[in-house]
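Order of writing sets the labels: A, B, C and D. Residues in every chain begin at 1.
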Amino acid sequence: MSHAMDVLPYLVAAYVFLTGCYGLATSRHLIHAVGCLAVCQSATYILLLAVGYRAGGTAPVFSDIEPGSRPVVDPVVQALTLTDIVVGATVTALLLALVLQIAKRHGTVDPDELRELRG
Amino acid sequence: MNRLRLWLLAVGGTGLAALLVAACLDLPRFGGRSHPYGDRAVHASLRRHIANTIASVNFDQRAYDTLGEMSILFAAVLGCVVLLRQTRDEHRAPPEPAEVARPVRRYALLVLPVALVTGLYVIAHGQLSPGGGFQGGVVAATALHLLYLGADYGALERVRPLGVYETTDALAVSSYVVLGLAGLLAGTAFLANTLLPYGTFNTLSSGGTVPLLNAAVGMEVAGAATVLLAHFLDQAVEIEDATEEEPGK
Amino acid sequence: MNGWILAATLALGGGGAAVLWGVTTGPPARRILAQNLATSAVCPALLLLSQGYGRPSYVDLALLLALLGPVGTLVFARLLSDDLAGERPSAWGLTWTAAGLGLAAVVAACAAAGPGRAMVKLLVIGVLLIAGNVIASRALAGGFRRVGGG
Amino acid sequence: MADAVIVVTLLLTAACATAAVTQRDPARQALVLSVLGVVLAALFTVLQAPDVGLSQLAVGSALTPLLIMLSVRKTRRRGRSKEDRE
């Protein structure tokens, strides 16, 4: 149990990433593809936070606990993840705007039909 | 063609999976005790009287990165505005008001101020408790859109002069840069947190420039999210092609 | 591992599995209902976790979820009102069960916190959670009727 | 034993991610994505990252679903009017 626990979060992150990639590659709808990309992004959050976790630790926020009274987890990766989520949300928005533009120009949101259009 | 693609995907996916698993097995063990950067970040944060270490990392130790993040957000919103603008072959058709059941309408109008206050609270306590400019900004922007849910798009448009939000967005980004430059003028470094006194630990004004930068990010995110949602709502609800039929048929 | 965390684990595991099953199968109405239940299962779990870790500041997460979860459900109810036109799901039994779970978590957390500012916050969360849950169910059972493009 | 809650939320996250990918209709996928957002927020709380959990809640439970649903609505309306013309 404890040995599996050493790598389980990393494996879950890898699994989520691969699942998202599978969805991206087989997607038949561009908006669905954007959703799959969001799944891929969430894998990076899991990986980063898993790296920073410390067994028995608590959040490095000292508004309600005395500094130094309890072990804390790594704040650096949490800050990175925060940035990651912001950038992920903007990427989703920008891609959705592009999808709407494609739908307007080509009248379809199926990636395969788009390929045929280009010839 | 399609089968070939699936085969390619299977081969590539298996290879990637094998590499990822190998990498996972080599990572430091989950929950381990050694976090050298984390420990140093906590010390630096406590030295500057900031209770929330994550805010300290974001707005003090890595403030320059947050400037980059803000510019990404700003550029992305700009891109969306350009992509989703109304083109010449489209026209606006003001949507007919939707019929909203009275309890839902009341709920939306009651929760709106609560959500706005919560957003401001999350921004203001960014350097103390979990939260900060980004989280609070998104909540505040979402709160505004309760008007669309509780009433209709027309009501939202009346309280949402888009120009004001666009200006807020731009002003917030520039105020962040100005705060950074102020550090330079004071003779230290760009975005260095040496301008203001660090204050009393665990109070609203503690942490030097961190609360100010935090507020700037909050303003920026609230403005950016509102502008973004406004353009998507315009596209989904109001703007139509010349060829498009009347909606609701 | 204390009782609070154990209760939160049960709420997350049981509620999460039920929500996941509901949100992936069946007609759109049922899926939105399950999405609404995600809020009412996870929000009490967050309250319990906050108690279990001894961190009152984690309560902010439950506050945000109680505020934004029903908003998300209303978004779906509004923008999918066409798909919902035929069927009007009314799972009031489930809704009140979820509300009861929220109430139990809030009461337990209040009893542990004792009177003070923390208790006021917990009560606000409880009111928002239960009101949001009931209103979202109400919205699904015919809260939005489309007249035009709005 | 203390890790039970972490294991449960991790498995729940993996299941949600799988479900989000296998739902082919974007509107239904958006529903699963919003559930995924909430579950991720719970996972981040369990991993002691409340700041990250808050921003995931703010983005995942209301903002992203709203954006996706608005895009779906726009493309659907376009599709519907195209069918009407034909």
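As a working rule, a contact is a pair of C-beta atoms (placed from the backbone, for glycine too) under 8 Å apart; a residue touches a chain by one contact, two chains touch by 3 or more.
All values reported here derive from a predicted model rather than from experimental measurement.
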Quiz prompt | A-D compared against B-D, more contacting pairs | solution = A-D
Quiz prompt | Chain of greatest Cα-centre distance to chain A | solution = C
Quiz item: Between chain A and chain D, what is the separation of their C-alpha centroids in Å?
Solution: 11
Quiz item: What is the distance, in whole Å, between the centres of chain C and chain D, each centre taken as the mean of its C-alpha atoms?
Solution: 15
Quiz item: Whole-Å distance, chain B centre to chain C centre, using C-alpha means?
Solution: 24
Quiz prompt | Residues of chain A whose C-beta touches two or more other chains | solution = 5, 8-9, 22, 50, 52-53, 55-56, 58-59, 61, 63-64, 72-73, 78, 82, 86, 93, 96, 100, 104
Practice problem: Hunt down the residues of chain B that sit against at least two other chains at once, touch-wise. | Solution: 31, 52, 54, 122, 129-132, 134-135, 139, 142, 145, 228, 232, 235, 237, 241, 247
Quiz prompt | Of all residues in chain D, the ones touching two or more other chains | solution = 2-3, 22-23, 30, 48, 50-51, 53-55, 57-59, 62-63, 66-67, 70-74, 78
Quiz item: What topology does the chain contact graph adopt: line, ring, star, complete, or other?
Solution: complete
Quiz item: Which residues of chain B touch chain C in their complex?
Solution: 93, 95-101, 103-104, 107-108, 111, 114-115, 118, 122, 129-131, 135, 139, 142, 145-146, 148-149, 152-153, 237-238, 247-248
Exercise. In the complex, go through chain C and note every residue touching chain B.
Key: 57-58, 60-61, 63-64, 67-68, 70-71, 74-75, 78, 81, 124, 128, 131-132, 135, 138-139, 142-150
Quiz item: Considering the complex alone, what residue numbers of chain C touch chain A?
Solution: 53-58
Exercise. Provide the residue numbers of chain D that touch chain A in the complex, in ascending order.
Key: 2-3, 6-7, 10-11, 13-14, 17-18, 20-26, 29-30, 33, 36, 40, 43-44, 47-52, 55-56, 59, 63-64, 67-68, 71-72, 74-75, 78, 82
Quiz item: Where on chain A is chain C touching in the complex?
Solution: 58-59, 61, 63-65
